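Paired with subunit B in one complex and with subunit C in the other, subunit A is shared by the two complexes that follow.
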Partner chain A sequence: MDETIIAILRSGTPLVYVTLAGVLAQRAGIWHLGLEGLMIIGACSAVLGLVQGGSIIVGLGIGIVLCVLASALLWFVIEKLRANPIIAGLGLTGLGLGGTDLAVQAIYGSQASVNAPHGLPRLGPAFGEYGVLSILVVLMPVAVIAVWILTRRTRWGLQLAACGEHPFAARSVGVNPARMRLAALCLGGVLCALGGAELSMGSLQIFAYGMTAGRGFMAFAAVIFGGGNPLGATGAAFFFAIVGALGIRAQLLFGERVPPDFLLALPYVATVIGVWISGKLRGGAKAAASFGELRDY
Partner chain B sequence: MTTGTATALACRDVSVNFGPVAALADVSVNFAEGMIHAVVGQNGAGKTTFARVAAGIVRPDKGGVEIAGREVPVGHVGQARAAGIEIVHQSFALPPSFTVAEAMEFGANGSGSLYTRRDLERRWTRHLESLGVRVKPRERIRDLPVETQQAVEIARALVTDARVLILDEPTAVLSPSGIDNLFERLKVMQANGVTVILILHKIREVLAIADTVTVLRGGKLVEGPTSTAEVDAARLAASIIGSTDDILSETDRDALVGAAEDEGKETEPAHHAGPAILDMRGVSTRPDPEGPALENVALTVGRGEIVGIAGVEGNGQRTLVRALSHLADLTGGTITLSGVEVTHHPLSARRANGLRVIPFERNSEGLSLSSALWENWSARALLRDGVLKLISPARLRRACTAALQVWDVRFNSPNQPAGSLSGGNAQKLILAREVDDEATLIIAAQPTRGLDVGATAFVWRSLREARDRGCGILLISSDLDELFDISDRIVVMLSGRINGEFSHPYHLGEIGAAMTGADR
Partner chain C sequence: MIGYLTQVIRAIAFVFIALLLCGVIFEFAGFSAPLMFQSIADGAFLSVRAWENSLRWGLPLFLTALGVVISFRCGFFNIGAQGQFYMGAIAATFVADGLNGAPAVLVMPLTFAAGILGGAVWALWPGLLRVRSGTDEVITTLMGNFIAGLFLVYVTSGPLKDPSGTGQAASSRPIGEAYRIAATSSISPAIIVIAVLVGVGMWVLVNRTSFGVLSSLAGRNPIMVVWQGARLSRLGLAGFVIGGALAGLAGTIEVLGPIGRLSSGMLPTHGFTAILIALVANLSVLATAVVALFFGGLAAAGLYLPVLAGLPAAAIDIINAAIALFITARAWPKRLTGLFGSRQDAG
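Let's look at the complex of A and B:
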């Protein structure tokens, strides 16, 4: 049982960080499809920073700086160049996947995966079996609560939501929607860097090309599933993680009889079903109608 | 202006250009403190732009704004609000998913960074009570009826210590009794020392509430602020409309500026409707994304008859149009068009039967703004023809050019995108497409909203001509003056039901009561 919980926390934590970034962006009115790209930039920087810079702090720092810069770039493209947020986000994902691959190529001259000498600091033996978990796992609930308070219990959060839902209303009370979106995206960049670092350094201590494997999009699905509430979205992220862990479990138990590909696909199937259910729960098409549009009149 | 009174808001030489269009040209005006001022003008006269400049939302190309004698940097909402100016927008500016308490909080200033839900509700309940707004702070904005939404929006504007309150066309969405309530509320605020600036376009309302009136026409200041004691309706109408006697009859003109008597006049011999073109019996629908469900709606439109649908917006008018266009899910009842039952027929079959629709949203439902004029215009014929019929763009372009000339659309080329047309010309393009010889029932949903005098007069004339040719016309409007002027019969909708039917002469009081259900 403990083993399963550890597996769920390990696969769920990176997803939660990235989901929180998506929630912030969604509150600001941006459907953030660049999460995948930001996440892999975070994952890559953590490993390369540690290997090249010799310190985990350097790795995390580089990851955070690069993710914030990439988020600011996304903001610039959406806000100043008036690009469609969906397309721009997908572009950022492409940039992240390709850019990290290029960085590895440039430094090591091959596309092979990069191993790190050690990972993020662990909880330690005092926590028994759970000692193998990284400190970012413990920090995760703190981040969830912080984002929840920020978005649901402060005036700043209300103003952010107004920017997302009705930018003109925000402008009428003197709030600058563009600046709020920049803040939300950059804050999301920090969270994505943490999520990426946890993915590559939490348990594996390795960076491989494309290692996010669609987790950014799964986080995006969790954002939609959670309906803009950080707690709901976190729950959705864990739902996906649990399905994934159960898939692996099931593979061990009756991998002989069921094709393993099917079991591996479970989290993705769960994503599709989750989005479908959340659409059903709140009248589906309505959410999609304003998809990617920034209303301002 | 009486000397000795302090000036609450002053604008100096304000000019605003939107692209090549001058929305405001050198407008200078002073509003005295503690009064209710009206700013009137036709659509496109620059009233809204003026209000937004004063509130700091639009940055003027030139000119300055002074509040209570102090210069305020233009185009800066925060500074304008700090100086004590607040605005209530025509289409309300509150995020629909917010609760009332959240809507109050998000625009408040000062400290108060963290809150609990209960704190928030307690704080704003007191504020709402002090303004006499009865609403639960936990309710969501989108679930509130229009009049409550407006009251909440006004309360939102007063969360700070506002000295000047601007309301942009606050009466457009209200029923007659809602307007009375609003005016009562404004008088209380005036008594508390707030200067109120009302953007209006009905003379009747101006004379009922305002102390002074200022008239804008084509972005220029025509007169004012003049004390309302010194003006009469006829003179105001002349300054609002200017010299356009040639295109408007006197009653149309009164309807346009809202100067008509409360008791509608018998303007023309009552029209004798022929056999029914549209016959809806017991029509009910499922709840619709765009409004309440229809409940047991029975409605007929005869040949050569204009039937007006009155009602506060959001009472099922959109669902009615959607039901007639086969877009809403019917749960019961029958729809008969020219003697053919079309309850289960798709829109294409209904159109083949003579149904034509001038939709609510000209720019999203009526036209494809990015498509060429000829493509927009040809849609009618293209939908009717078989899918494999060859299209000759050259021929369609020629036909479109000829048709648009007949309909007096100002355009350069049939290839230009529909989005490049002005509102009036865009509506004429829709008329050119929808009002053809085979039309038997024309649904005109808010056909004159946002149009200037000339275009409005054109739309009215086109609808009357279609009626005289024998078309049945279903006119949906939230402007009672428009309905009184051109409808042969008026049906009132309330919460998806038909709540009364009226014929000439119309009485504002009766119809207003039916709109709010006060008679029940």
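Let's look at the complex of A and C:
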């Protein structure tokens, strides 16, 4: 049982951080499909920063700076150049995937993965079996509650929601939607960097090309599933993580009879079902009507 | 006409900006940007062989991109071209492999039908979910891509596995010689004919039929379509299915032609590139043909980059991603209409 909980926490934590970033963007009215790219930038920076810079702090710092810069770039393209957020987000994802590959190849030549000498700080033996969990797993609930308070219990959060739902109303009381979106995206960039770092340094201590494997998109689906609520989205993210962990367990149990690829597909299938249910509950998704376009009025 | 020209100029300008951005990134990473651009030009367009390669990569992309054009024109963000492409390729391989030995006259039509159907079915379920229960198609088609990718891994290492395969990636047995429509890594008149026929067909569909008019109206002003008495859901579903069918056709052609077998992880960025092509072409069928050739050239050149410029093949992915980042921008020059420009919400 403990093993399963640890597995779920380990696979769920990166997803939750990235999901929170998606929630912030969603509340600002942005369909954020660049999460996958930001996540892999965070994962790559953490490992390369540690190996090249000698310290996990350097890795985390570089990851955060790069993710914030990439988020600002996305903001500039969709807000100032009025590009379509969905396509621009997919472009950012492609830049993240290709750019991290390029960075690894520029430093190490044709090498598929980079090993790190050690990972993020752990809880330690004092916590028994749970000692293998990284410090970011412990901080995860704090981040969830912080984002919940920020979005649901502060003036800033209400203003952010206004920018997403009715920008004209926000503007008419002197809130600048463009600036709010920039803040939401950049804050999301920090969270994505942490999520990526937990992915590559939490339990694996390795960076491999494309290691996010669609987690950023799954996080985006969790945002939709959770209806833009930080708690709901976190629950959805854990639902996907649980399905994934069950898939791995099922592989051990039924690996002989069921092809492993079918079990690997479970989280994606669960995502489809989750989005389908949430669509049914809320009477349809909003984005399709406007292609996820940013609204000014 | 002037509006159309400015759109073309704008698209080219943004592709140029994206290329410049990539040049800066590559210089920063310690590679030579001028050498890269020179290699791309050499590998894509500066010799007869290069043109053949550009066509080899460009024509399947053209078919998939046409599917994206139809689906986007209907107003649905079907970004599942990759999965539909895979499912078409898988279905076609099942038939061609299963009937291996039977006369080609019998096998070929069945293989093409299976490939087209495979792609169409993989587009049908997100379409049904979208029009029946309002499930967001962006997520379902994305997830469909991942599921189809895993299914491809499964069939190439399971039911269709080549027992004598020794390569790194699992793959199916080679398609029988009698069923091949082009030699490995090359282009053939048959593929060109198929592409031209489909291209003309889609041009007629978009520009000369009520479906074309209604679908592009559905993409811009769905309420108007309902007022006209057309069924929005049926239009949308047709868009999904045609999009999937064309992606499946492209998958079939790749399997029967240049690739010659099904292999796991084949052409992983095909669908994404097709979406880019459709957007750069501003959802016009004619422009899609030209743009597909350009991106086909980029794909062809990508194979030479590691040799000529010492760049990883991912360089082309980065260029494509940079183009994606900018291509839908509509703020400059000001007041342009286009796919997204005409969708401003009333204030």
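Everything below uses one rule, namely that the second predicted complex is superposed on the first by the 289 of 297 C-alpha atoms of A that agree within 3 Å, B and C clash if a C-alpha of one lies under 4 Å from a C-alpha of the other, contacts with A are read in each partner's own complex, and residues count from 1 in each chain.
Assume contacts are C-beta pairs under 8 Å (C-beta built on N, C-alpha and C of every residue); 3 or more make two chains touch, one makes a residue touch a chain.
Quantities reported herein were computed from a predicted structural model and do not represent experimental measurements.
Applying the stated contact rule after C-alpha superposition, one finds that A:V258 touches neither subunit B nor subunit C. After overlaying the two complexes on the shared chain, residue contacts for A:R171 are found with subunit B alone; subunit C is out of touch. After overlaying the two complexes on the shared chain, residue contacts for A:L69 are found with neither subunit B nor subunit C.
Judged by the number of subunit A residues each one touches, C leads among subunit B and subunit C. By the document's definition of touching, neither partner reaches A:A112: not subunit B, not subunit C. In the superposition on chain A, A:R155 contacts subunit B only, with no contact to subunit C. In the superposed model, A:V275 lies in contact with subunit C only, and not with subunit B.
Subunit A uses residues 168, 283, 285, 297 to touch subunit B in one structure and subunit C in the other.
In the complex of the two chains, the subunit A residues touching subunit B come out as 149, 153-156, 158-159, 161-162, 165-166, 168-174, 283, 285-286, 297. Contact residues on subunit B toward subunit A in their complex (touch as defined above): 55-57, 76-78, 80-81, 87, 89, 91, 93-98, 102, 105-108, 112-116, 289.
Within the complex formed with subunit A, the subunit C residues making contact are 25-26, 29-31, 75-77, 79, 129-130, 133-140, 142-144, 146-147, 150-151, 153-154, 157-158, 222, 272, 275, 279, 312, 314-315, 317-318, 320-332, 340, 343, 345-347.
On subunit A, the positions that touch subunit C within their shared complex are 31, 33, 73-74, 77, 80-84, 86-88, 90-95, 97-99, 101-103, 105-106, 110, 168, 214, 217, 220-221, 224, 259, 261-262, 264-265, 268-269, 271-272, 275-276, 279-280, 283-285, 287-293, 295-297.
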